[in-house]
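Down below is the structure, laid out as structure tokens.
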Amino acid sequence: MITGYFLRQGLNRWIIASLVVILAIGILVPAANLLLPAGHPLHVPSYIVALFGKYLCYALLALSLDLVWGYVGILSLGHGAFFALGGYAMGMYLMRQIGTRGVYGDPTLPDFMVFLNWKELPWFWSGFDQFWFAAIMVMLAPGLLAFVFGWFAFRSRVTGVYLSIITQAMTYALMLAFFRNDMGFGGNNGLTDFKDILGYSIQSDQTRAALFLSSAVALALGVLLVGALGASRYGKLMVAVRDAEDRTRFLGYRPEFVKLFAFTASAVMAGIAGALYVPQVGIINPGEFAPANSIEIVIWTAVGGRGTIIGPIIGAILVNAGKSAFTGLFPEYWLFALGALFIAVTLFLPKGIVGTAMHGWDALQRLRAARRHEEGRHDGPAASQPEAAE
Amino acid sequence: MLIIDNARLHYGAAEALRGVSLEAEPATITCILGRNGVGKTSLMRAIVGHHPLTSGTIRFNGEVFARRPAYDRARAGIGFVPQGREIFPLLTVRENLQTGYAGLPRSERHIPDTVFELFPVLKDMLNRRGGDLSGGQQQQLAIGRALVTRPKLLALDEPTEGIQPSIIKDIGRALTFLRDEFGMAILLVEQYLDFCRGLADSVSILDRGVVVHQGVAEDLDRPEVRAHLTV
Amino acid sequence: MTGAEVAASGKPAGHREDTILYLDGVSVSFDGFKAINNLSFLLREGEMRAVIGPNGAGKTTMMDIITGKTRPDEGEVFFNGNVDLTRHDEPAIATMGIGRKFQKPTVFEGHTVDDNLALALSGVRSIFASLAHRRTIEEERRIVEILETTRLSHLRHTSAASLSHGQKQWLEIGMLLAQSPKVLLVDEPVAGMTDAETAETARLLRDIARSHSVVVVEHDMGFVRDLGVKVTCLHEGSVLSEGTIDHVSADPKVIEVYLGR
Amino acid sequence: QEDTIKVGILHSLSGTMAISETTLKDAMLMLIEAQNEKGGLLGKKLEAVVVDPASDWPLFAEKARQLIEQDEVAAVFGCWTSVSRKSVLPVFSELNSILFYPVQYEGEESERNVFYTGAAPNQQAIPAVDYLMNEEGVERWVLEGTDYVYPRTTNKILEQYLLDKGVAAEDIIVNYTPFGFSDWQTEVARIKEFGSAGKKTAVVSTVNGDANVPFYKELANQGIKAEDIPVVAFSVGEEELAGIDTGPLVGHLAAWNYFQSVETEANASFIEEWHAFTGDEARVTNDPMEAHYIGFNMWIKAAEAAGTTDPDAVIAALPGIEVPNLTGGISKMLPNHHITKPVLIGEIQEDGQFEVVSETDDLVPGDAWSDFLPESKKLKSDWVDLKCGNYDTEAEKCIAETAMAEPATEAAKSN
Amino acid sequence: MTVTRSIAALFAVLAVLLSPSMATAQDSDVALRQAIAGLGAEKGYARLREAINVVAQTGDPRAARVLGALTEGDVYRRADDGAVVIVSGRGQQLTLHDPVTGEAIGTAPKSALDKVRVNNSVRRSVRAALGGLTLAAGDPDIRMTAARTLIATPDPDSLAAIEKAISDEEDDAVRDALENARAGAILFSGADPETRIAAIETIRNMGGQQALSLLARMPASPDQGVLQAAEDAAASVQKRLQYWGLGQNIWYGVSLGSVLLLAAIGLAITFGVMGVINMAHGEMVMLGAYTTFTVQEVMRTSFPGLLDWSLPIALPLAFLVAGSVGFALERGVIRFLYGRPLETLLATWGVSLVLQQSVRTLFGPSNREVSNPSFMSGAFQLGEISVTWNRLYIVVFALVVFAVLLYAINRTSLGLRMRAVTQNRRMAAAMGIRTPWVDALTFALGSGIAGIAGVALSQIDNVSPNLGQGYIIDSFMVVVFGGVGNLWGTLIAALSLGVANKFLEPFAGAVLGKILVLVFIILFIQRRPRGLFALKGRAVDA
């Protein structure tokens, strides 16, 4: 039924192509890591798998932001909060999986609770020993936060920078709250020292490969979802709300619901990205709530090109790969490089990398069509033959 | 005074003006007519410098306006009443008018009496925000604002749009007055034919980015000329 | 009862039950400025009414009140005789069947002309329906029809952002048609149109009025005359004169404040 | 190309922690350069691999992985905040490499792959409190900290310690502020009020990082003098004081294991070398730098003893290694991967240096598991004999091993 | 002035004051030398404190010299003979002085000397040991300090001395303080109930935390009346303190608010007026702070006499530095982005990274020292509130900047042009306004203001490459909370957030307080979706 739905929404070939690419990466990279011997020229070291797994999660996160920013025009400066909540939900599951292998050997309490003298597990930790429960919370926690937050904000018609800033306030407040040890989430050290997931050691190459593949599949599903939403009538409605929210009201639409749906869906996507991210990087801590992190998500999206589906993915991967490379290659000067990249993109690629490329592509197509048209008119079919040969 | 020669203008790949030539003389009212989307506003944009020409020239008082920015043209004496009013919404009516001081020497920085004589309602609303005014009031403010700059050439893009009949008549009288008393060159884009006919010294009709007719106001009574304006 | 008497009594003639729009004793002020002052106005089902009045008389504000954009400080506003519009917000009022064309054309600039019309088409309004919705043949037919009526067919796949002012006017009229509401509120539809188009619009509105209730605000007296319907002249937020076009345009007060000599 | 041994340097050069960590990177570069002049290690030159984890904790893990897997470094010197250390721990144990961690921290940890050259709480906090109690006669305590794990744990330990020493509960207040907190008016006024009750009062500050400068500025401006209410800090060293006008702060205290002002020959030549290396006479030295100095020398010595830089061999060789520290003693790597250090209490001087007012007679061995926390009292770390970081002395077994032997049973999971 | 210096000055005065009358006694010289030798003989601070008392008890005014030197850390023990000497000079070779006469007695290498270590408790002993004698000092400030010390350390034994001092005292303020000291001493003496009740009354009138502490510490009296009086007095002092506490919170709130205002006000221009999501705003503040640092460095090294003038000098420079960077930023980047406000976020974020790293490269990553000029140091007492000078100056400065800016934006023709340009750039150009120039000036103005905010903030916060990051979020909150584009809104928002924060802090703690303020902002925006001072009406939608 769901697939039917997606198919009915005419997905364009760009999306289909990117789906293929993402899934191919999802399969080939781990395969090259596991199946090829270390010396093989095509062998992908585990280090790269871990790195790219992380990028895929960031890509999904950027895509989720694009859904609200690119389509509905909600510039969320707090999307890191949803990512982090998903991450914490997963982290709590992973913590419970440690069992007696913690440093104090306590079968239920995570280490940080033991040494801060907690006697029993707080209520909100219960259930997280079950994967299914954690999986639901991965989506529910950010989804619910987004729903409640959005419900009030959109109904009150909080828009524009006002909305942006209160999303920032939200993530900032959450960051401060999660910093507090009393909250029961490990304070600023966060949750770490994970051992295994679903019974598989989190450090084994096979688990890594599986996580990598899962991230790729999640990203592909994200692309499919955003693509289908964008192509549907709802997609047009999102853009209409973005461009002239008031006008949609006079047509009888409820822009608050349009936004709420996108915002919540996007938060769930972000939460899933966070959940996949945590086992791959091995830690979740309140730093993920930091406003600057959320701004970075916006940056990735803008670099790639907002409102395009592939753009945010490329942006996230490119910026993070750049960061990984630059911090190692020229650790003292990499901020210059990254800063310059951002400035250059805004100046020279005003719609982001993909946005500008697509714009250029469209213009080229139109120009060609126009030329063909003209030539056809003035010079007859003979002149248009070389065109056809191309 | 203003000589436009073979002006072409593109929006991306779309061509809005395809070689327009036009002149505006001091102390004359030149009326530009044409159906929707034929390029009237585009022509105005080209004149005031809001959109660059692809080719062709615009000369004002002998000076070539190649890529001169809009503010230089305004300072050279082009006053502009744009389509859609373009009031500064958060400035008060007084401040909206005062924006016209920018190109004036200090001694001339006051609002000419003609403005309030023409549009008494503005006087009552000096401290209200421009954006709060009704559509017609905004239109009046837009015209008043252009007059504050003491232009040599006044370019008006459908200035009567949304204005009540009595004031349309006043505007007509005012334009004649400005032409006769100050020798102002007036370039008037209009759809409202009767208004045009009553005022114009000469008319140009645009169609699909080219001038298809040029002549005197009385031409508008000729059916073959009017045909350019019907659907 | 003449328009003048109506204004004087402050009570609209007729019963609320018979009306499609009923405004009584409505006032609204902005920072102390009374934009609408004890206004009473009623429109019968299927009626078309022309509203004129000086700039700043409160015509647009009246539409704002009916469509829920502005809340009146006092007074009653009813739709269909019994629906209190002051209790509903814009989307609710729009779905009840009150459509509006704004004085300053407002269209979705990020969309093509076609999409603008498609979004306006009556029908699907809920999120979940719109998720699954695909354009029906009937809808396609309506869009083509409206494109023809508004002479925008050649611009169907053009972005609304690159329309000229007049073309946007037409697109907005088209959107109103697509919405097919019970009551159409049309604010200055012919501003920026050529005389021929103006005549065409008058014809179009007369057509629509056969099956809908319409309120038209215009300053173009020729156009108003063309419509051939009852005219209400507002001034300083209340009714100054009401009646046939000849009656109203002969009213010395109307001439004084509006038409000029 | 083949005959270098790579050493990873994992300190933030940008972001919030750059303030503190950049100096450590420079110190490491200096130590490596000096070692190369002495002929390197095992006949090979050392090569520093510097990366910037940018104060971004997950990035620490990524960079650690890069250093070990891609650059194949023999050991890594790095991290400042506990969270960054926590973030890299799994990487070091998975890839079996070595981390030297040079900063005072909250303890409660002992990893096979990590060597803790900074102070554990018993090497800093407890002696400082003892000093105030005995020498200054302090009876009331304000425990002022930044709201995160290190201050929380340290304060927890201190609170218990003070209560054990007979301090009344109402004579202790604990307060936390966020990272980067800058408006200290209310807090300082409260301290002042708390201290005006007649009993001698002191502030024990675990305020970290950027918040210190405004804290001290406010203390100075509200006229809290060291003679009235001394403040003893665990995270304020020469580097931090370089950003403050220390005139009004003279007499406030800090507890460290090293001060630049310590007068020993080793220190004098270290400072000289530092100034020469940085080309800046004004650059100060501080405690974490000394920790790296000790750690680096220990690593060199252990590698030489083992004859290889292979992590397993070096990890095995490190405990028992003794190297001179800069304060005139010989620090020793203990089986729990912590080291012995002297504890110095210093008073801030007008020139931004500390004057030592007290120091322990002997070096204090670092205690991985605090004796003042109920759950950790019974734990012991010994990587030499017990081969265990968290040996339960009551149950007489290694928790890590027990867990390994019987992986989380269903019962344990659902408990 | 520092603690040690002021004590040293005290002794200097004392020595001059008392020396002529007691210059001769030969035998006291021996006693004094013996006592002083004790300073060097003993190990441990407790013994040292005893030795100090011994020195003080000689009653010899010349003891002041060596005790003063002791607090300065200038007293050493000669390693070979154990003699106590006062040293001067720096470096390895030090000049030695006789501890009694102060005459130079040769030099010695540092290695041949052991420093007599002092700590806070030793300094306190020195101060206490000789505290009473300073009551006769010529300088009323010194007498005042002495009187205050006496209030803090009530001692019935000093009653007689205090009585004498009161009768000799000419300065009213000092006499009042002495009377309070006497009352305090009486509380701790075995005086009869009436006298004690009268003393309690005096203490009650003195008020303040100190009065409360005196009343609490005073030895229990068997007399019911005294007990009652003490209780009442404590209650009334407490009540007064509560009111003062309220006032104090408001003051702290206003002062925090003014910091927020300063940080935000430049952003109110670049973001509020121009609509640029200016992520580099914090870095403009930082540039201002570094300008201050540089100015102070130059002053310190080249014109030490002008150090107090460094802030007035830094203000225009900071405005210029940050303003020019803003100007360049606008011309180089922002101007291509008008009409695409969201893209400015990306570009200015990039700029902020570059600026941060530039400063880090140029000035180093660590904090730089910016000192308070003397007129901004310390505090004065307003009732029970201690008002620090730097905060007061910052409040006043913030309000002045605000007023000037308000005038510039709303009353000058440049301000009008700025607003016109930002509302409709194309139309403004068609009115003859040189839009590029106005744009650049507006951005430069906003940046320049941020720069001078940096001068002020350097007085209370870190001067580090991260300085700006600490303020950027709060600044956006303030501007948005107040209503974008409304300067008054920015003012009210800054002050009210400051006050709210300071009222929450004592109850909730700083962390929870901050969280609550953020939640409050979120909720408040639901009620007023366009901020505190939302513009209403059509004009906004237009």
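Order of writing sets the labels: A, B, C, D and E. Residues in every chain begin at 1.
What we mean here is this: a contact is a pair of C-beta atoms (placed from the backbone, for glycine too) under 8 Å apart; a residue touches a chain by one contact, two chains touch by 3 or more.
Since we're looking at a predicted model, the values are computed, not measured.
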Select the chain whose centre, defined as the mean of its C-alpha atoms, is least distant from the mean of all protein C-alpha atoms. A
Centroid comparison with chain C (C-alpha atoms), farthest chain: D
Does A-D or A-C have the larger number of C-beta pairs in contact? A-D
Per the centroid of Cα atoms for each chain, what is the distance between chain D and chain E, given in Å? 30
Centre distance in Å when chain B and chain E are each reduced to the mean of their C-alpha atoms: 62
Which integer distance in Å separates the CA centroid of chain A from that of chain E? 46
For chain C, what residues touch not just one other chain but two or more? 30
Within chain A, the set of residues that touch 2 or more other chains is 176, 179-180, 246, 332, 335
At which residue positions does chain B touch at least two other chains? 132
Chain C-touching residues of chain A, taken from the complex the two chains share: 5, 8, 229, 232-234, 236-237, 239-240, 242-244, 246-254, 257-258, 261
Can you name the residues of chain E that touch chain B in the complex? 413, 416-417, 419-420, 423-424, 426-436, 485, 535, 537-542
Considering only the defined contacts, which chain D positions touch chain E in the complex? 13-16, 18-20, 22-23, 135-137, 147, 175-178, 180-183, 185-187, 189-190, 192-193, 196-198, 210, 213-214, 217-218, 220-223, 225-227, 230, 239-240, 242-245, 247-248, 250-251, 347, 350, 355-358
Touching chain A in the complex: which residues of chain B? 12-13
Okay, in this complex, where on chain B does chain C touch? 11, 14, 33, 35-37, 41, 83-84, 121, 128, 132-137, 139-140, 158, 161-170, 191-193, 229-231
